[in-house]
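Every chain is named by a letter (A, B, C and D) in the order it is written, and numbering of its residues begins at 1.
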């Protein structure tokens, strides 16, 4: 039977979810979902028509409560994540939520607890970059032992959307409005990738920086509260070590989610700005091999049988949507759900709080308890 | 009022058309098309359900004739292009046809003539690579004079799908079954790009090669009839010159549609294997600048507001679909239609026939007349 | 016993020869050559001191005739090549000459004939790019069959030293003063590489262009006589085919000597602008492997035991010098000597004369005879 | 008057110094140095002949004391650096020493003190990578304000010379024999680059790892004592922050000295494996521009007038040699001398000792005092 879908939000990620819901069955087969209702503060009817939803509403609670709705896509600003996700879980719905879960770790904890209390409902967080064919191929290569034991990780996620010092102040730059800064926008993505490749984190030591402490506003200069950039050292539970860096003020970087894994028998290198190339080196080979995405990698073939033809950002979301549908259908578990999301956000909050002090993650878990 | 769509074929390009039809309004707005009927030789009902079409049929003629159908997407093997396109035009329908138009130039001519005889119906050929944001940005840069007068073109389109000498013989390797070889599969794409950037071609001189003259078949070795690769010198009507090369036996190349334009005041360089980077050099600058696709380029923003996040192959087709809808709606002309397609195919057939002899395109046109 | 060296010219290539002579024994061992005399039209004494030659003279004939001189390095403008090389050969000296041999094919023929008449004297032409470790590795890979039978060649050599339309007219742009244009400066290098990788050329068909027909001079605009760019189709004696392009007006290109070889079992790709990377693909591998230069490649280890540390342009000349010394010492033959140089120049002159007509090289040889 | 040179050592760096001494005047003009004496434990006479030195000796002290010697090049294993440098300084000679200065910080301190006590003698350490045209251009761009105020640094220096777990144990892997591990071999180079671009370091927090704790030896497995890799967070005195990583066990990396600087108005990116490209982005530009080395950059033109022709690793040393000669000649100061070298080594020793604890450099200086 077709899955009934409610979508809340029609911005960058709202449209991306809509495209995914519309194409998931076309790409992967199975019963196409029923696009039941779209909720947004304004123009919901027009957007519902554009996105192919049966109806639009400005009452998100009504959309969540609609008995024809099985799953809720939440793509609103971070401050609204908790009330909407809570409502959806309480209404018995599956939840597909954009990251980060919430503005504060306490909220994330409460959300994870609520999800745990509804074990029959699937939660999935929008960590897009886990779904690209190149990333999935990298994860599989490591799992297969192709590069031996992972010894070291180096990762950055840099963009430049706040690099201009004249960019006006916004509520997103406050703790109350935006939560964390670069760590919340970008850093959590890098953490999601890092732990998927390297396993759990045992300890972090981090520095943060506000590169532009004051920004112009109509009321004169105002203070930026959350970090423009962060750097961290990582000890993994496996004993491996890693370096970690993220910035929203790195001029010229657009989606520089770049990482490498050094294993005992090879290395992998990737850069999301060219998300269709995975660089692989195995001990004894003459150098790194550029592996373009293609049908020999996970999930690529469903989109295109021809290698080197380029997978796109939005298509990652179709894979994510397929994983969600499979999990709802009783099959394969998918993640990161809220529990794993809490682990990711615990790490970025530890980084934000570290100020050069080593923080052991298990102690933090105990403190929280 | 919603446009009624029939789709014929569910392979690589059939699915790609389906995704485009499903998402074009989500991405660009406007009334979503009505996915009326899907035709395929087998499993048409199941595929219609998967692709979200209202019905499926194994009778393509019926789909074309369906009065609720306004436009027909034709994605079948090349030998079927002419009968289907002819039928659709005669039934008063708009036609969206994958390239090349047909196996022979005579067929292409007849199709173009028929399209001319139905001036109120739009024809559009699936030259995907004309729709990527980087390509469109390149074309706009040249049109704006950013690199001065184009003096020279260098272009290749290489893949390796037939590189393995042990790849079995197939009917696609015959004139009767496949028409041209690399020129028909790949070369016509490169011609489409070349003339969009450089203007009309005046003369070509070409060599072709069959790198693997015989291939295994159940009946023993059989002859390959169409070219594995072709090389050409180009004289453009503008006086500029170009080099042109295409191969289906270039080991390691997956979608190497690589070109550069040398202008009197700068240069552009592009490679479809990294379709999200356009390299721009203007006289006086220190080197080439890598311009990642982003919302400052045509059509990117409708898919994603964030630069560097990667446009995908299939999304080119959504842009193409939007152009088709705009043209049908009475607005902007779009191309290449059948007349322009004939010009492209005239060029590749001239290359196939040249054997080192210079062929002037206008003479060819006269001969044809 | 130490080889006595005369060097004529102290410009770009003069200094490069001097560095090579000074370092060849340091790098490769053997008896250091004796830097006997440096000849230049002006400042010969000062330059001799700077370059470490025992004496300087403004009389190149005297340098050539000096009985202590065994070998003459000729690095003067092309119009002087023939008289100097002839004099050196007639004086019984070995000759190391920068390319091209001369302004006209007739001169090149005469020089080759004279060299043939002095079989005991080594001639070597300065085709630097044949001596880089990456190129040598490529040639060895092909020879070893690593990529199977070479089926196709694609090569360009583009620079932008004349790209600016306001660049003043110079005598180098005339037939009498400069001989060929881009073909003489750049194209001959590309031919040298092409035939070393692919074997002899059977036929060429070429176009040439003068992108900037008139250039400013103190006497008003003057005509440019030799080509700014050339394009060619190549038939190799082996049956393989190739495309060939060269330009001195390609904005942004600095030393874009880029080629690829498609073999029946793999491909090689190289770009002199990153001369320390050779890209290798063998059938069945996931993509191209970037092989950085290192001690596993020919001649690198003598300069540096550490891979990835970058070989430089000037160091190519040290390898060339070592090859010359070995040949003089009675050992390994080295090339291209004057006979091979004539073959190279026959090809570029055929390209210059082709104007779209196929020219068979053996016929040309017969015409010459 | 010509500078008298003694060279101690004929390995990787000994040959590199020899090439530099031989070519420095050829490249940059000035009086060629007099290559007086070469010292090595074995074959000194033969190596002196090969390298063009007047004599060879197995008595390095005699070479240092030779009254015809003005400057001593020391290229021996690290444990010999201090006695040789001390002897040279005490004998009144200038000293050109390969990095690091010594095995222990105490030795480095003593060497710096001795150099301070001989103010008329120049000391220079072999931090090659400071001399490449691309690096010098980067430093000049930052100094000129081209990218505004440097806000952040990311740097790695990875190689794979110890990546193979089966590589036998060696004395270089002990504190007594090799001093530090990756930090001493590679990390100090990265520090030299980092402080040249970003200014002084205020605080470091680091982790180190021994990826392969035991290695085979004829006597059975033996313990590796010094670090295979290190990671650090950096606080610069300017307030900027940086991340730092180095490894000798990074499979596939050959000379991956890769760094980027994020400024308030632009960014620079560099990778020593392609040392001829500097990537520059200024706010407002469409992306990063690849600036190939060329005569518009410092010191390139003296080697080659043609851009894009590739500077080599060994040529960095010729620039270093020129700087040394200029400093000795009473002119421009050059560095890093022993005092600056001590600062660099203080940083790597602080990293080695940190174990996750923040170490303020000025406190360390006080502790030392």
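Everything below uses one rule, namely that contacts are C-beta pairs under 8 Å (C-beta built on N, C-alpha and C of every residue); 3 or more make two chains touch, one makes a residue touch a chain.
Listed by chain with UniProt protein names: A, B, C, D = Gfo/Idh/MocA family protein.
Computed from a prediction, not measured in an experiment: that's the story for all the values here.
K.L.:
Based on the averaged CA atom positions, which chain is farthest from chain B?
P.N.:
D
K.L.:
Could you let me know which interface, B-D or A-D, is made of more C-beta pairs in contact?
P.N.:
Most contacts of the two pairs: A-D.
K.L.:
Suppose each chain is reduced to the average of its Cα coordinates; what separation in Å results between chain C and chain D?
P.N.:
Taking the mean C-alpha position of each chain, the two centres sit 35 Å apart.
K.L.:
Find the geometric centre of each of chain A and chain D from their Cα atoms only, then give the gap between the two centres in Å, rounded to an integer.
P.N.:
Taking the mean C-alpha position of each chain, the two centres sit 41 Å apart.
K.L.:
Could you work out how far the Cα centre of chain B sits from that of chain D, in whole Å?
P.N.:
Taking the average C-alpha coordinate of chain B and of chain D, the gap between them is 54 Å.
K.L.:
Which positions in chain D touch two or more other chains at once?
P.N.:
253, 285, 287-288, 292
K.L.:
Within the complex, which stretch of chain B touches chain A?
P.N.:
Residues in contact with chain A: 12, 15-16, 18-19, 22-23, 25-27, 29-32, 49-52, 159, 161, 253-256, 272-277, 292, 294, 303-315.
K.L.:
Within their complex, state which residues of chain A touch chain D.
P.N.:
Within the complex, chain A touches chain D at residues 147, 151-152, 154, 156, 158, 163-165, 203, 205-207, 209, 211-212, 229, 231-233, 235, 240-245, 247, 249-253, 262-267, 269, 281-283, 285, 287-288, 356, 358.
K.L.:
Name, in rising order, each residue of chain D that touches chain B in their complex.
P.N.:
For this pair, the touching residues of chain D are 280, 285-292, 296.
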